[in-house]
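Before anything else, here is the set of structures, which you'll find just below.
The following pair of complexes shares a single chain, chain A, combined with chain B in the former and chain C in the latter.
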Partner chain A sequence: MTEKLLEVRNLSKIFAPRFRINPLKKDSSVRAVDNVSFDIDRGETLALVGESGCGKSTTGRLVLRLLDASEGQVTFDGQNVNALSSSELRKLRSQMQIVFQDPFGSLSPRRTVEQIIAEPMAAFGITRRAEQRERITTLLQQVGLSPDDMRKYPRQFSGGQRQRIGIARAIALGPSFVVADEPVSALDVSVQAQIVNLMQDIQKQHRMAYLFISHDLAIVRHIADRVAVMYLGRIIEIGPKATVFSAPQHPYTQALLSAAPAIDPKKRARRIVLTGDVPSPSAIPSGCSFRTRCPLAQPICAQEQPPLKTVAAGQLTACHFAEPHPIKIQSSPTPLTTA
Partner chain B sequence: MTEPVLKVDNLSIEFGPEGGALRVINDVSFSVGAGECLGIVGESGSGKSMTSLAIMRLIPSPPGRIATGRVELEGRNLLDLPMSQMPAIRGNDIAMIFQEPMSSLNPVMTIGDQISEAIMLHEPMNAQQRYKRTLEMLTLVGIPDPEKRFKSYPHEFSGGMRQRVMIAMALSCNPKVLIADEPTTALDVTIQAQVLELMRDLRTKFQTSIVLISHDLGVIADIADRVLVMYCGRVVEIANVDEIFADPAHPYTEGLLRSIPSETNEGQRLYQIPGTVPAVADRGTGCTFYDRCPKRMDICKNELPPHFKVSETHSAACFAIPEASR
Partner chain C sequence: MSAVAEKPARMDDNGLIVQLWAAIRREPITQFFLFILIIIMVVAAFADFIAPYNPVQQSLLRLNQMPSADHWLGTDHYGRDVLSRIIYGARNSLLIGIISPIIAAVVGTFLGVVAGYFGGWADRLISRVVDLLLAFPALLLGILVAAALGSGFWDMVAVLTVAFAPQFARIARASTLAMRSEPFVEAAVSCGVGPLRIIARHILPNISGSIVVVLTLWIATAIRLEATLSFLGLGTQAPNPSWGNIIRDGLNNIFGSSWPIIAAGAAITLTVLAFNMVGDAVRDVLDPETRDD
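For the complex of A and B:
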């Protein structure tokens, strides 16, 4: 039985300068996240993929209300997160947590592992030292560290071990939802595998939902149930992992999938190399924001912003030229001509 | 086979005081032919970057020291040259590009001036010729509107464009060898694809030999002809790119390949190499991979495995390779 845990509707975030430095210059506000909507079920993993600056991390922070949204609504477990008072929000924090990318910057260098993991417990009324210790012991074992590590400082651990500490801190209060913001990008390949396995084990044990933010498509393919692709603040394609990877409908998704270097030599031949760079988020092109790099762009793309429309069961794509298709007929991505 | 352009022989690097020094690089040997791309893979701390710095003689000394070995560029041992001759070789015969293009470019100098400076140091040209050459280089690496971009500063460029500038600068004096140390690690995938495409183009155009250092096996598979796998400062396996990915001989290479998520292991648990990389001081006399190896035998504990030939182009340092195929 699936059960909706998180509902995000029309979420937007505009970063505006507090005052204009140069009144002659045009508005320099940045629309980092633009009209983003998605749902996450209990125990499900939704991956948010895209290139740097596309608004993935901002979306993750908006969902947790670490940042306040400019527009839109986040509903978590039936509660409207945007409307909560700060004390109510604080209560909810035990249910929604975050794991950060940088295992070096996200742990205080001056605290022991015990202090780091005990902090969220103390904030939620678990103040007895003995009880904290007991829980920390269990947590450390769960994330594959030894209880003796409690007394050590973060600098005494490798990157992968630190990420384990970060995960132990995030799950200390048994949250039902964790935002994982590039949790393995800073790690070596063999350590990545360890952390990915650990995250999947913990998810199974606690039936946690993940919003897994990543730019690494191979990892996403491994861990996600559903995938949302972002480009310049908008979700341009969202759907079940299997269909997004086997039959991507948006030209950007197709290019992104083909650009990832593959070890299998057979898959290397069909690469779509996009021309140009991602436009600045303070000057997003009119209409479809991808049109400046899109090999399929037509005049209509400059005028109208394509809405997300259903192209297959559960798969939505924002492209004027995406057409509904029965998934069985088209099982491999349409080869695009390189520009 | 033609004479290799760059040949590294038994290179060892030590850090620390004489007597109590720690060897971070041990007996590394390889060669790169003209127009060939050699990929060096390994995890953080395996000695990839240290090896490339040694080729350029950029190891900070003290505390570092090249203990043994030769680095031959077209037959000439660079390690025998007086330090005063190295600047004439760096950037001219061997050029290097780094991972973080922003921190390798001068922020208060226009990119045109920075590329011209490299040319000025190595080529007898007047200002006008230099300007022309710089514009050519910018066009070559695909920077649109080079006249205008000549006067831009690095902060006005995106990450991918900066890496193009670095490549333009590195190639401006037609080097024989290009060392690329994680050239695409800081870039997005679509931009990474552009930069790799560019490097491939330039290699065929100028017959430049490339030493590509990366921890990303996908990137290596994409562009390299031959692959060298490093672990704990040693070469554990070297082979042609197809051999290594289809049929890895060293258990470490095999473990690395199995730990990458792919279509074949989708939905399964990822393979984990047990344990962690041992610290430099804790490495015993035997195989450095002993503690983590699924195929370990008694002999591996105290004896260092030599390189066994699996095929003409493929060798690996492991006792578990069956006698028959050595």
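For the complex of A and C:
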């Protein structure tokens, strides 16, 4: 049974300088997120992958309206998130939460674990100390910490433990959707696995949906149901994990996957090495934004921006040369109309 | 000042008072000035009991006397005891010099936090007014406001508050902007915590350090500015003594007796120096990054 929880349509974010200092100079506004659309079902994990600076985190914040979108619409559980007043939005925050990348910065150094986890509860009217305590005890046990840790300060914990505290805070109100903004990239590899497994366990118990932002393909392969690949603010390929990983259609996705290390030398794909640097997001190439580094680029790529088109069940690719391919996955959960 | 550098700031481990005391204990000079400061404050507070004479009591029989056993710092051209005038003057100078920066800190911090946290038109309005006030030198601003308001005690406080509040507003705004982008503040927003609670719980506790540092350093400036305004005749009015108008009076009579000028000048210098030294120690503890050694 699938039920759509989140619907993102044509979401864009433009960071424009307030004043143009030199009127002769080119417009320096940055299109951090450009026309992004995707859906997430209840209990599903959509992984958002891409290089640093491609707009993954901005997308996550736009979806939660921690940032206001320039264009586009986010519909969460039937509510238009962009149209909510600030008090309505605050009420919705119990349903959508975020786990941050930085386990050190995201916990206030001056507050105890108890105060940190109690904060969202107090904001939603759970103010009785005893009730808070009881819930915090359960939450700490759920994330693998001891209830005695309640009185400690964040600095007394390791990175992984701090991230567990962050997760406890995020799930304190039982949200149905959590944006995980590179939740493990700041952690040691050995701890990464523990945290990812913890997040999966919690997801199963609460039937939460994740927007899992990451640049680590190994972790994405482990946790995701579907994968969206971003390049310079646009989603260039999206689809079920199995198809995207086994039959990537966009040359950028292919290059990304070929760069991920594989333990078995026989399974190692021939490495596609991209030339050049990622263009500045304030000067995105015309047409297909990837054309400046694409091994397949043709004149048409500079003229027309390739739309996302269906290449297999549930898999969409934004490339002029992507062809429908025969891999069959039974019924795509949400056929996504192209933007 | 190097003593604090040996140990990294351990703001989270000990209470502020404990740390401050530790920092002061490591610096004998700071200890000395703290001691001076305490003495000045005690003298100002208990002026009624300590001052040997009535500071406004004139005596034609004792004009322009040199220091003696009866009058430790001599007398002025009205025959008033200089030591008593300095002691009572400390009360005016210190009260105005301490109260006005505190009020300025409260008002300025409020405006700065509002501007920094909410942004938009509130920020634009507050920032422009602050810029406007900052464009005037504090002394000129003081003269303007004093001319408009008058020169009573609370008028002086108001003058200095207007002169100093923009400084606090600017710092509070900048610190708030920095705090606003801290992940733990974003976390609180994402948890549905309201803006007032975020300001009270996350912003204010984290910017209070830099505000207190600025406060301690501005007290010295406030004492100086009050003295300057009184010297110019815009501050505390005769016959009530303040260090500034003692110098003003003394200057008119410099060939009769130079003791009032010397004594009041020394009092101002010592107090300003003491506040600056202690302020430096406070800054080293609360705001180790701005240390300039």
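We take it that the second predicted complex is superposed on the first by the 324 of 339 C-alpha atoms of A that agree within 3 Å, B and C clash if a C-alpha of one lies under 4 Å from a C-alpha of the other, contacts with A are read in each partner's own complex, and residues count from 1 in each chain.
Note that in this section a contact is a pair of C-beta atoms (placed from the backbone, for glycine too) under 8 Å apart; a residue touches a chain by one contact, two chains touch by 3 or more.
Treat the numbers as computed from the prediction; the structure is a model and nothing was measured.
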Combined model on chain A where chain B meets chain C, clash or fit: fit
So, does A:Asp102 touch the first partner chain B, the second partner chain C, both, or neither? second
By the touch definition at the top of the document, which applies to A:Ser94: first (chain B), second (chain C), both, or neither? second
Check whether A:Ser52 is in contact with chain B, with chain C, with both or with neither, and answer first, second, both or neither. first
Touching partner for A:Arg155 - first (chain B), second (chain C), both, neither: second
Return first, second, both or neither, reflecting whether A:Ile300 touches chain B, chain C, both chains, or no partner chain. neither
After superposition on the shared chain, which partner residues are touched by A:Ala16: those of chain B (first), chain C (second), both, or neither? neither
I want to verify one number. Taking the Cα centroids, what angle sits at chain A between chain B and chain C, in steps of 10 degrees? 80
Where does A:Ser190 make contact in the superposed view: on chain B (first), on chain C (second), on both, or on neither? first
By the touch definition at the top of the document, which applies to A:Ala83: first (chain B), second (chain C), both, or neither? neither
By residue count, which of the two partners contacts chain A more extensively, chain B or chain C? B
In the superposed model, how near does chain B get to chain C, counting Cα atoms only, in Å? 13
Residues of chain A that touch chain C when the two form their complex: 64, 66, 90-94, 97-98, 100, 102, 105-111, 119-120, 122-124, 153, 155, 166, 169, 172-173
Footprint of chain A on chain B - complex, ascending: 43-44, 158-161, 188-194, 196-197, 215-219, 221-222, 242, 245, 255-257, 259-263, 265-266, 269-273, 276
Flag every residue of chain C that touches chain A in the complex, lowest number first. 12, 182-184, 186-194, 197, 201-202, 205-206
What does chain A use to touch chain B in their complex? 51-52, 158-160, 188-194, 196-197, 200, 215, 217-219, 221-223, 255-256, 258-265, 268, 271, 273-275, 277-278
